[in-house]
């Protein structure tokens, strides 16, 4: 990307009102207004442009990025690490196993104790319904108070790296992929996107991706369909948000129990497994009670239930029914690929393979999305910062 | 803090003689003379001032800070990471489980092998009486030799992040909190501080905090009382140091077996659980012998012994007996808070909560104390370095 | 080292043709030509010279170095971390236990997913014959493709931090130690080096060091002898390379089953335990089959087999038989030292101790060798980069 184009993008950025992002967190996308969402995409694109132009967007000379993962992660962990590194922050893992957390200290205390020099805290806590997002909000409130009373010299920004409700860094990266794939937000009007359940031999996958997708993708004038077998409902509160978004952006949100219906004429398909919301609620209760037998029983039931829907696979045949037979296939990765990572899975190997490069490109947006979220929350005038970076021409590599 | 004030502090620093800190470690506080202790506080305050003024005190362009924890840690781990980051060092964890240490290599060898580009090694080794401090000294001797014979290009500084004898980074942070709370060292003359045992439902807590406190706080003209139930003695060698310090600074050091006595009229109280020294010695022997049954038996005995002293709790009633009923309550955190982190513990929830903000402030000094320890050991003329940082005005955030 | 000398070394570097190292990996040394090997040594020496002169060779403002260890490591882990830090890269551990790798994703996918901002990936995978090197090549191919199709903005360099075939960072450090010990490559003609097996009470040690040594040391006009008991053969393909190298460099490569023969008149000795190649192949098969009983049985057999060769120890008596009784003793560390780390081992304690400092010096080259490998692969004109660093005089420590 040449510097003239980057300069133009920074100028466009100044036309958006994102002033309230300063000193705030990035949790669910639906708590950000349209300008804020647009600014995040814009800053992500600018940061990528700067890096590709060999300019180092290092805004911090020092400072920590705290990484707190309560579930395994490759992509998001590395994306957060990459984003912090790009901006000049050093990642410090908060490994609860090596800490004194178990000692009974409160979330408020821990949040303050690790944050004396922290600019951001990225949290993945997606295992239990009703827990992850609540935990992030508890951390956030503690940081807010710590900053207010002068314990913390700066207010670290909480970035939701996947919770029980939303997966904003994933879905924002997905969306930026769509925007750039089609050449701009203005090209999306009337496009049809199908977020559909797909069969997986594993169970208990988070609902944050389908929820995040319907909660975000309904904001851009695209007709969004959520498809899943009966019993695989997502949180109804998020469906309400999706419906409201659709109304506001002049498109439709609908739900179906047929994968075929959802694929028919779709421009974009996102077939992915998830667990039924009700079952995940039950599972959270069982964990709270420590009912190991109950958990095993539930797991068995869910796996058995899944097997009733093996036909929910993204096949070449289904792909043919999409718009011109060429819908953009998307996935947050890793996927359960039939005959590759499992015997029967979410997608036929040939479909997956055909879209491999676009999907890797899709994933490549995540570090920039996270960096944009941090930058917008930590700088009062990000456009000014970015313009100065561009003008300084600070080389990333000597 | 404004720059004029920082400049003044740097000038004051030059009036202290701390030349011997260069190229040396920071282990027990009592091996540092008064000027050296004062210089550490001063540099910590200056570094904080610089950071608050937006100036990056990054003195290293590259270099490693080795982090070696043989016990769990949140606060100290993050404080060390923060200190290294502030100065421009990158933390590399020495995870003995992932290393070839078990392979039978010597401490001398490991210390050299990890240190080719290390500027500091922070070590926590507090589990076993007679082991932790000895280990740090063995590492230190190896580094000294490695540097002398030219294997190491620089002499990494060992920082004691808690051993079996002292917890210098904690107690120095505690002391700086006291100094700044009262507005200067000269305000402390005649103040009364009570370091007292308190009940905890867990057992085997290190003695390093009470030992560190009596070994350090007796140097500032404050009357120091150590209170604990019979049988909960600390190392007698450290008590001797405390008594000698008190004589030298014109105050008193005394021991009592009554929490009430210690609290009576105290200006500062530090109620915290620890294990009896004799029991910890026994425990070390049992571990050396690998006597698992003996260890379990001892644990049981100690827990039973603790329960005899549940009345050793920092209550509102006790707090009322302190000076003006308003003694400064301190804790190294995490605390065992009655009704919060345990059923019966070291402190009543209302007392803890009232002092929560000051305690978080207390903890916030630790990163700066550690950074000061490193800076004073790695730079021949720290005042000059700090003045140049101030004059350069290098911004921490662009 | 003074700057005039560094300048001269950089000028010498420009006379070598190492242009093909740019954008390529560093796997087996025998896939690099003589100029490339010489350039790696030269750059390592220059980087060391710069650092010793207080000049920061930080060429990256940001960027990640991915560290992927499938076996324990102290030295190599810290050497990779040190090399990355020296150049300005931040190490991000790829901990497969905390990732979603087990989820069935392909090597191709993972390699791309972690590399969006990676400049290098260092891999240790030395446990199984036929696996480690193959894995590195799979990662490499994935990165090559990812870069080609535009998923990755840069082509990360794979550095082999020990595989089943070679241990290039170790053997290059060993060799640079020899070169500098004798004062230059031109001093090595006709020197005799003995790479010999030695007894160890453990089993299954990788073959990568003896293989790496005979594959590399035969390129410098030194007569190389490989000595081991019958049945402890190394990969025959590597022996062929050694023999060919020897022919090309006008020296000899020979194999013997007598430690005494190998030591007789040797200038350099490298006594070290390893496992028989055939047994390691068998072990890989057993692991593939998951045959735990077979593995235990093989382990027992190998340990029993080892005990037949306890006389293969580097004793003072054997050392006397070397050239002038003063051969340079080498080891990759940690060694099995008789009476220190084990009852009976590879080397007598007095021999080991006499060579301890040179061995630590030997190890100290590894960070610079790795940094040189990265630099040569990431910069199109490394000599220019290094000269600019020298001229800028950028201080490592303020």
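We call the chains A, B and C, going by the order they appear; numbering starts again at 1 in every chain.
Note that contacts are C-beta pairs under 8 Å (C-beta built on N, C-alpha and C of every residue); 3 or more make two chains touch, one makes a residue touch a chain.
If you want to know which protein each chain is, UniProt gives these names: A, B, C = Putative oxamate carbamoyltransferas YgeW.
Source: prediction; values computed, not measured.
Engineer: How would the remaining chains group if chain B were removed from the picture, with no chain shifted?
Structural biologist: one piece
Engineer: For the sequence-identical pair chain A and chain C, determine the rotation angle of the Cα superposition and round it to the nearest 5 degrees.
Structural biologist: 120
Engineer: Please tell me the distance, in whole Å, between the geometric centres of chain A and chain B computed from their C-alpha atoms.
Structural biologist: Each chain's C-alpha centroid was found; their separation is 41 Å.
Engineer: Give the residues of chain C that touch two or more other chains, as numbers and ranges in rising order.
Structural biologist: Each of 58, 90 in chain C touches at least two other chains.
Engineer: Can you tell me which positions in chain C touch chain B when the two form their complex?
Structural biologist: Residues in contact with chain B: 51-52, 56, 58, 69, 72-75, 77-79, 81-82, 85-86, 88, 90-91, 333-334, 336-337, 340-342, 357, 360-361, 363-364, 367, 394-398.
Engineer: Give the list of chain B residues in touch with chain C in this complex.
Structural biologist: 58-64, 90, 92, 94, 98-101, 103-106, 109-110, 112-114, 116-117, 146, 149-153, 378-379, 385, 388-389
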